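One structure is given here, and the rest of the page talks about it.
A, B, C and D are the chain letters, set down in written order, and residue numbers restart from 1 in every chain.
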Amino acid sequence: MQFLSDNAARVHPQVWEALRAADDPDKPYDGDALSQRLDDVFAGLFGRECAAIWAGTGTAANCLALATMVEPHGGVICHRESHIEMDECGAPGFYLHGAKLLLADGAGAKLSAESIGAVLAGITRDVHQVHAHAISITQASEYGLAYAPAELDAIGALAREHGLGLHMDGARFANAAAFLACTPAEAAGTVDALSFGFTKNGAMDADAIVFFDPAKADLARWRRKRAGHLHSKGRFLAAQILALLEGDLWLELARHANAAAAEIAAGAGERLIHPAQSNELFVAMDAQERASLREQGFAFYDWDEASVRLVASWDTRMEDAAALGKAIASL
Amino acid sequence: MQFLSDNAARVHPQVWEALRAADDPDKPYDGDALSQRLDDVFAGLFGRECAAIWAGTGTAANCLALATMVEPHGGVICHRESHIEMDECGAPGFYLHGAKLLLADGAGAKLSAESIGAVLAGITRDVHQVHAHAISITQASEYGLAYAPAELDAIGALAREHGLGLHMDGARFANAAAFLACTPAEAAGTVDALSFGFTKNGAMDADAIVFFDPAKADLARWRRKRAGHLHSKGRFLAAQILALLEGDLWLELARHANAAAAEIAAGAGERLIHPAQSNELFVAMDAQERASLREQGFAFYDWDEASVRLVASWDTRMEDAAALGKAIASL
Amino acid sequence: MQFLSDNAARVHPQVWEALRAADDPDKPYDGDALSQRLDDVFAGLFGRECAAIWAGTGTAANCLALATMVEPHGGVICHRESHIEMDECGAPGFYLHGAKLLLADGAGAKLSAESIGAVLAGITRDVHQVHAHAISITQASEYGLAYAPAELDAIGALAREHGLGLHMDGARFANAAAFLACTPAEAAGTVDALSFGFTKNGAMDADAIVFFDPAKADLARWRRKRAGHLHSKGRFLAAQILALLEGDLWLELARHANAAAAEIAAGAGERLIHPAQSNELFVAMDAQERASLREQGFAFYDWDEASVRLVASWDTRMEDAAALGKAIASL
Amino acid sequence: MQFLSDNAARVHPQVWEALRAADDPDKPYDGDALSQRLDDVFAGLFGRECAAIWAGTGTAANCLALATMVEPHGGVICHRESHIEMDECGAPGFYLHGAKLLLADGAGAKLSAESIGAVLAGITRDVHQVHAHAISITQASEYGLAYAPAELDAIGALAREHGLGLHMDGARFANAAAFLACTPAEAAGTVDALSFGFTKNGAMDADAIVFFDPAKADLARWRRKRAGHLHSKGRFLAAQILALLEGDLWLELARHANAAAAEIAAGAGERLIHPAQSNELFVAMDAQERASLREQGFAFYDWDEASVRLVASWDTRMEDAAALGKAIASL
């Protein structure tokens, strides 16, 4: 019973079907019929004009999105525990040609208009300091918390006021949208670009970058090719994305993962470090307790000395989640 | 009947099987059992110690390999018609942080010790000119020509003499090895790193970078992560590569593609611009002749005003190739 | 009697005076009164709005200018013998983050609308090839040839038609302007940014970058700081530039250097490889002839096996130039 | 009476003499006799083999030094208030191609083996996090504090233990060495490269980068040219450095600046935020007090709401410093 990572989950059967169905020669790169459908499908989903391109990893999606907003001498305001700061081996430094991540604070790894404003207020000295060109937020956050539409509105307003780009790392956008029970458009707020993750939610290796200014997508296409991310058989990436969007399968899978996490959370009770708002939980637990759970067959990662991380996926069995919840309650 | 590109070919059934078999949770990134087997499998293939990592595209494979050899202030000697110069949208400039491609000449897009030496001889002025740090050759070349072992030896000796890294872009390494009818080790010569292509030869999206100095692979792992090319479900890339190496399927498929090209070449006769040494042919043809072939149902790309490019794949039907050969002969 | 390089020349007495006069505490960086005067002085010189910043070297001036026009995935069309291609150790690759130099041909290292058009015509394949974002021309060219106003107009029209930035490397702009006997504005044509050289023409270490779109200067200020080219005592760079602009000293010095070169050219006659249009001459000469001149006390660099380069400076004595002319005539 | 910055100070008369004396044609770039003397002069000063090159600014010196130690995928441990982090507009990100600054804490902007160790301990996750390649310390620190030899030894030992490069930003190395009253070698500890500042200490625009591994200097020469920092008349930079090293003028000037600061410090007493260990003081002062001092003719910068920064220079008159000390005491 693995609760290690949604990265470790299986590929959904409908994705497999779509992959096999795509195995017919078509135009290479993103000239194929499937890739060409992405703009329309995402425009339908978000109810506004947009252009969408695929990328093989979330890191690539984040960095290609940011590369359309940030000049090499600029910076990106992000949370100091965000994925782009902590887990991408400096990829933003590479893709943005040395632009700087400007670190902000916030409980649960969430930014707020206030914490972003504090970073902006600290940048004072003409050309001697790096100025912000963009803000990047994570929906859901590194600790599994969702930004509510009103929070997104406040950040969006601040970005516009300061002329900053706004990017959303949506590696778990599906889980946030499912939790918020709002429209995808509301869960995305007024971001300029969204890294819309599918790999953690039933795909094999396909994320989308949705640009609400289509001109930015054209720019990202250059950067994608230049970064070696333009797959020659791009139809296989598009196929995965389309399969998961079809009939809102993506939401259904995320709802399941969230529900499984909720089962665990119910058992964790007071041990929960952050409220359960997606498929990721952080649970206080000492070494002996961890050992006990592992002996019972539960696999998960330590987070730090005082807590563990538990991640449910689209393919987590509810009975396993319930069992883990009970086991924690019984510790 | 498409002869557009081997990029447009299908995924081989054994690759599909391997992909499905890999759909079981394992460690993320390249910690899974399949990815961990690559070093040994390639060491067996080449009969010498090596370390191998996967990459999702050939451009990424080339650039990650070169990044282990070339400092930002250095240069790479390559053919002026090579893929890294002509078709990667400046990806080497991105991955090598502005290092320069130093262009050499040679018939059929092949370099020789002489043409490389001519570039080296022209670099004279201390820190004012970019110095070469590496050489990159393409096996088979952009025009489908294979480097014979003796040619590789001469280039390898020159590289060692000048202390230069040696990289081989092997997007069609399989086709070259099949044509040369030598061992893989002989077809690779004494290169330091080989981009070993599978995507054009039955895979969905997986190439390998084989480093004959394992320390360089460790370096490339950092660069791969930093470039967003470390797939979280890397087992799916490893599975493709292993499936094609199993029982030398890669060679069998390349031999088929070469044989299909040979059928066409037989019909093309004097029209062939370069000898047929792989699965790619360049055939002299005027506009009216092209139109005639297309009316007969053959799909292919124009190369320039005087010639077309015809590419056979692992899934080209021999009867289609024969038909195309005949159609050309009848023009 | 040295004809090695105008880089080797002395600092003009009026520059020394200006440097000493500037040795009074003022605001650091470019906040001082002298630096603040540059915009107006150059606007007066060119008769149009502009913004000007100083840089300590010509390489920095060229690269900072280009960085305002070229995105990392773009390219710069330049002559294959231009300074940015041949003599800056890949500095454009560094400053432009891997953007590519797209090489064009032309007699005397001069581009033309035709040769630029030929490069543009060769770029055809969507995101697979680097597209041009700017053109860079050199006034006077590497071979000392000046672009006439009509030539500049044709290139400027082409740049506008294709939406390309236009940069002029004016390391020897003074010599070109002096030769053309036109206004500075005519000698600059419709470029967007001009690297206006002073170091080869009486300064110690100060060149200007003149932006005819002041917004670009603001951008260049960030890049300059980021490249470590924002001197803390910038008043000393501004002082040099102002001293040379004062009373058109820059033109007077260039006229002298050109006149000295003309003396030599008169003696060189048929040996001249390019017409004498500035202070640089390329003269056909065999090894024995070179040795003879050197025995007579003339210092100069070999250019290639068949020719030498002779450079006159603001401080070349006319009698030395005449002596060299005679010595060549007597060979 | 200006206490704004040592950047605002005058050029020392012996430097002017040396500049004038250098105004005789010599080999361009750093081939001149003066530049060629730097290695020996610094080797004498530090009593060990070294190679030294000049740079026109401190930012360039820091970044060129670090570029010899840090690969693009690596990081530099530095203080979160260090100049490279706060005041160079992201120049390290540019020169190091996106490498990351890894921020450490420490009172008075000084690092310690402990605070560096804490950063190292926090880097745990394989290729997902940026690993440190080097440490950069500032002598004297941003708050004017000197590292004692024993502190440098501890940091040097840690660097060796972890295989990290060690860089010293010595923009005010002279002031630290003067305060410590030890040998230059002791004040530099076991760093691999030292940015040895002269511009704040009597020069016009010349800092040195001293490499204790001469091979690194060769590498830095490429990077310097590529960054546009290879001045064509480099003799003028070398001349400034040699003039200040001659007869230990650099130490004499620093001792004077420190003594002037000590005069002020004596008056500031309890208001001093950090002990006076160089020529920079940070003094607690409210708005009314600042206004009072400014009315009395003292010029200085605010540091934050609670304090001001006062900087003495080689050309600060002792009587002015004493007057400022008295004025503060009388507040």
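Please note the rule applied: a contact is a pair of C-beta atoms (placed from the backbone, for glycine too) under 8 Å apart; a residue touches a chain by one contact, two chains touch by 3 or more.
All values reported here derive from a predicted model rather than from experimental measurement.
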* Asked: Measuring between mean CA coordinates, which chain is farthest from chain D?
  -> B
* **Cα-centroid distance, chain C relative to chain D, in whole angstrom** => 34
* To do: Measure off the straight-line distance from the CA centroid of chain B to the CA centroid of chain C, and report it in whole Å.
  => 42
* To do: Just give me the whole-number Å value for how far the CA centre of chain B lies from that of chain D.
  => 50
* Asked: Which chain D residues touch at least two other chains?
  -> 72-73, 88-90, 93-94, 97, 127-128, 222, 225-226, 230
* Can the chain contact pattern be summarised as a line, a ring, a star, a complete graph, or none of these (other)? -> complete
* Which residues of chain A touch chain B in the complex? -> 2, 4-5, 7-11, 16, 19-20, 23-28, 55-63, 88-91, 93-95, 199-200, 204-205, 222, 225-233, 236
* To do: Within their complex, state which residues of chain A touch chain D.
  => 72-73, 75, 86-90, 92-94, 96-100, 125, 127-130
* Asked: Considering the complex alone, what residue numbers of chain B touch chain D?
  -> 72-73, 97, 127-128, 221-226, 230
